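Structure first, then comments.
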Amino acid sequence: MAEEYKSIKEEIHLPYKWALGPVFTKFFENFKEKKIMGTKCPKCHRVLIPARRFCPRCFVDTDEWVQVSNEGTVRTWSLVNFEYSGQVKKPPYVQGLIDLDGADTALAHFIGGIDLSDLEKVPEQVKIGMRVKARWKENREGNILDIECFEPI
Amino acid sequence: MTDRVGIVAVAQIGHDYAVDKNLREICYEVTKDILSQVEMEREDLGTIISSSSDHWQGISCSNSYYYEAIGAYLKNSSKAPEDSAFAFLYGMMRIMTGHFDTALVHAVTKGSEIPGVSTLTNLYADPFIQRPVGLDDVSTAALQAVEYMDRYKITEEHAAKVVAKNRGNGLNNPYALKERVSVEDVLKSQIMAYPLKKLDCAPSSDGTCALLLASEEKTRELTDNPVWIKGIGWEVDHTYFGDRDLLNGSLRKAAKRAYNMAGIEPKEIDVAEICEPYSFQELLWCEQLGFCPEGKGGKLIDEGVTEMSGELPVNPSGGVLSNNPYVARGLFRIVEGALQVMGKAGKRQVPDVETALAHSTHGFAGQLHSVIILEG
Amino acid sequence: MSRKVGIIGVGQTKHGRRDDVNYIDLVYDAVRAAMEDVKISPGDIDAVVSGSMPPPMEGINAPHLYWSDAMGAFGKPSMRIATCGSTGMSIAQSAYYHVASGLFDVVLAVGAEKMLENDPQGTMTTVADPFFQRPFIAGAPGVFSMQSIQYSHRYGLPEERVRMAAAQISVDHHTNALDNPYAHIRIKITVDDVLKSRIISYPTRLLDVCPSSDGACALVFACEEKAKKIAESPDEIAWVKGVGYAGDEHFFGDSDKVVWESAIKASQEAYKMAGIQNPLKDLDVAEIYNPFTYQELIYYECFGFCGKGEACKLVEDGAVLRGGELPCDPSGGTLCTNPIGATGLLRVGEAALQVSGRADKRQVPGARTALSHAMGGSDQFNGIMILGSDKMEV
Amino acid sequence: MAEEYKSIKEEIHLPYKWALGPVFTKFFENFKEKKIMGTKCPKCHRVLIPARRFCPRCFVDTDEWVQVSNEGTVRTWSLVNFEYSGQVKKPPYVQGLIDLDGADTALAHFIGGIDLSDLEKVPEQVKIGMRVKARWKENREGNILDIEYFEPKEEL
């Protein structure tokens, strides 16, 4: 039997405080009124979600705030069935990319209202192209989880 | 060196502006500043090399988050973390192969958003031997200072004079701290790790900067005030702190590589931008850079050689003691050196600069040093 | 101008669960192996380039400082390069530029990872920005699965057919790994085993996804003159013929991950430099970075091995499997071995062994031109290096 | 007044279990018997502390275990008087590099037995070149902190 080698255990805690900046601050302010705002690029006219200071492809300032719908279609999704430290939600749960009506980039979020009792049955309930709408939390704190999830319409 | 590589344009964003902005925004703005100076579009950029740190950002694969903010969408862009001098050196190599005729070199750190320099540099140490005993940036610099003071009779006053000089210079630098500091203020400030007091230690700042490198031909096309890279050298020291000679580490040899490549002697340097996170280190680094004999760092500051009016001004920008965005500080030194050579350093300009030296370092008590020599 | 650059030394550790060695010694083993491969010592190395996954992975902040002695880097120029999953490839490309620039003749490239001493998915989750996406990335499996599921939907292919093609890739690569003594996972499996393995992150099941491994890899790059002097024979030099790299935006929702622009652009950049017109014909072997079976289907199309929606056919015809026209991952690939910081270098190293005819039991007969690839970031970066041999056409 | 921009707070918790490997395992095993072992390089003959698999200068495997003394001299020291998250010991405390008799590389550790009531007086109590000896904890778990600290050794 190979000699038993030891190891040292430790958990590292790293506190961070990230500045949102003007555009993201305003994006989350609007969550208070259950509004999802994007910004529009003057060159390619795409509405970017989340709202952003500049268009990544045209490399110019976005110059117009545009409200997009709370409803959209599932571009893709996945059923997460494993645990990891720092995980926000206990698995299993479904997450996806949602193309909100009026937006040209997709928003990543949870997809709720799915029966998770039998994992093999989940693919029958969640389909690419499915219509979903945002379910807002009661008391919202101005972060991405003010939207609890997107649920099938 | 066959073809020369030129610095065509430089841009900076300091702490006061950056502190409440999102990281992506300041990276975007500093990149746009460069592009507007040379009237280039994002599409015209050749390659992009960035420098930032996952631990210093709390976002792993740190350049992923701001990739498109530095114009890198669908471009050949890489990241050299931890010390932004790496990004400069790597950008230069890519130009030298002829694969690209321009290279944007960028670096960013938001020091106000992190758990703290000590917490993150304590993680430099191995988890078994050195981390549990609390080695970090400040305490290892202190261990180096005690040995330096003991061997060469360098005093806390010498170190305090460096702070007073640099913080005084910083008043002329729009990107640096704006409070004047006297020798007495330094000596009175609270002990951090003997002999280092609070004001002996650099702040942890927010900041980003960028510069555009270009091939010799492209440089002439883009500017009539080019800065040429004449010499480079960088070198790493041992892993374990106890294995190292703290007073004669890798800086002397790194500098020798740069001087040999540039074909000059230390006395031909007109101005130096040195990375001095802890006051006495400017004196020790000056010795290692050959600006004065070994052990004579105290005499150097006493005689005012490194003042703005001195023979060899050091850190006219105020240095790292006045502005310390940890990972970006190396590139800030190179940017300031380039401004001196261009004659565009404004109120902190040293008269008729022909040759400037920029230096960067990171790791416990300077485990890795980089030296870059620039000429008009 | 650009000098000719060749890979002469390849060193790697036994990959897998390596609780028998600490991180520094793991790196030391790989570097010693690379030096012994070409009978050189640290004195012959002019500069060192190293890197690994984001340091929160091992909780050690600056690997290039932590490994400086283990790499024999003391007193040498040493630089770190890091781009998450594609780090190994970025290191290899940096070592290439170090030599091609004319600054250095012999450069050591080192990549390593110890993923079994921590929670890798916990670390990889911190790649996503903390404002919008961090709750949803779920490490690598989460975001790669969201990419994989789109493939069948995009081209209207029956999910069953894509499911079978992915399973065939898994069986083929696991079989290849049996011939690779360094590989982590070396088990005999059937298509049925793959189809029945438990869901990790739908549609990805256990046998569709790579392991977390401890492992290290070191490569020796050299200019033409030194390479010919040091290598056993010129036929054993793997010349760098092409390099390419590109990245998408940070937000997963910003760009298409089926017709994947960064993968397409990286391969085209490398093909242009290497003079490759028809990859399926011109390449003899490919070491693709495929932590997930489904992704490899997407790569076949992005790298121009076949047209859009035709990847399944390529697998069904056996063109990309063992013995096919363009065998992929004869080493078992990332699917069977994934110490991420080293993985990109392993792809380049294995490609080098193939074109220099030194790949032992996993050698693809007569291989002269190889593609190596790595992917990283938030499902975002792709890097390609084409290697070739100058030995006479036999 | 500039518009007040918000920020997002989060504490990242990451668990680790680092493998010691054979050499460090044996190094800490010897702590159980209050013994500090180094390994010797066959080329430069330096005794390395902590014991190591290879010599950092000669890049060859070390091949001989050598016990070094529990006593040594202070190469350098510092008084730490500031806090940071993740810190092992509450400041103020003194730490230093100790050249143990028989070792060719120094060991970083705490220096104890120092009166910290008046920080200004500390530099009078701790000197470079001072003789110190290891003070072992009662129950030792096989890690670097089995040595509680090095304390000044009165010269007879």
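Lettered A, B, C and D in written order, each chain numbered from 1.
Heads up, the rule we're going with is that a residue touches a chain if its C-beta (ideal position, glycine included) is under 8 Å from a C-beta of that chain, and two chains touch if they have at least 3 such contacts.
Just so it is clear, the structure is predicted and the values come from calculations on it, not from any experiment.
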| item | value |
| --- | --- |
| Contact-richer chain pair (by C-beta pairs counted) among B-D and A-B | B-D |
| Separation of mean Cα positions, chain D and chain B [Å, integer] | 30 |
| Whole-Å gap between the CA centroids of chain A and chain B | 38 |
| Separation of chain A from chain C, taking each centre as the mean of its C-alpha atoms, in whole Å | 30 |
| Averaged-CA centre spacing for the pair chain D and chain C, given as whole angstrom | 39 |
| Where chain C touches two or more other chains at once, by residue number | 19-20, 22, 24, 56, 59, 69-70, 74, 117, 119, 122-123, 126, 130-131, 249 |
| Multi-chain contact sites of chain D, meaning residues that touch two or more partners | 5, 7-8, 10, 12, 14-22, 24, 28, 56, 85-86, 143 |
| Residues of chain B touching at least two other chains | 20-21, 55, 58, 68, 73, 113, 115, 119-120, 123, 127-128, 238-240, 243 |
| Topology of the chain contact graph, where touching chains are joined (line, ring, star, complete, other) | complete |
| Residues of chain B touching chain C in the complex | 1-3, 53-55, 58-68, 72-82, 86, 89-90, 92-94, 96-99, 120-121, 123-124, 126-128, 233-240, 243, 250, 253, 257, 362-363, 367-368 |
| List of chain B residues in touch with chain D within their complex | 20-21, 58, 113, 115-116, 118-119, 122, 127-136, 138-139, 142-147, 150, 190-195, 238-243, 246 |
| Contact footprint of chain D on chain A as seen in their complex | 3, 5-22, 25, 28, 85-86, 142-143 |
| Touching residues on chain C, where the partner in the complex is chain D | 18-25, 28, 41-42, 56, 58-59, 69-70, 72, 74, 114, 117-119, 122-123, 126, 130-131 |
| Residues on chain A engaged by chain B in the complex (per definition of touch) | 8, 10, 12, 14-24, 52-54, 56-57, 59 |
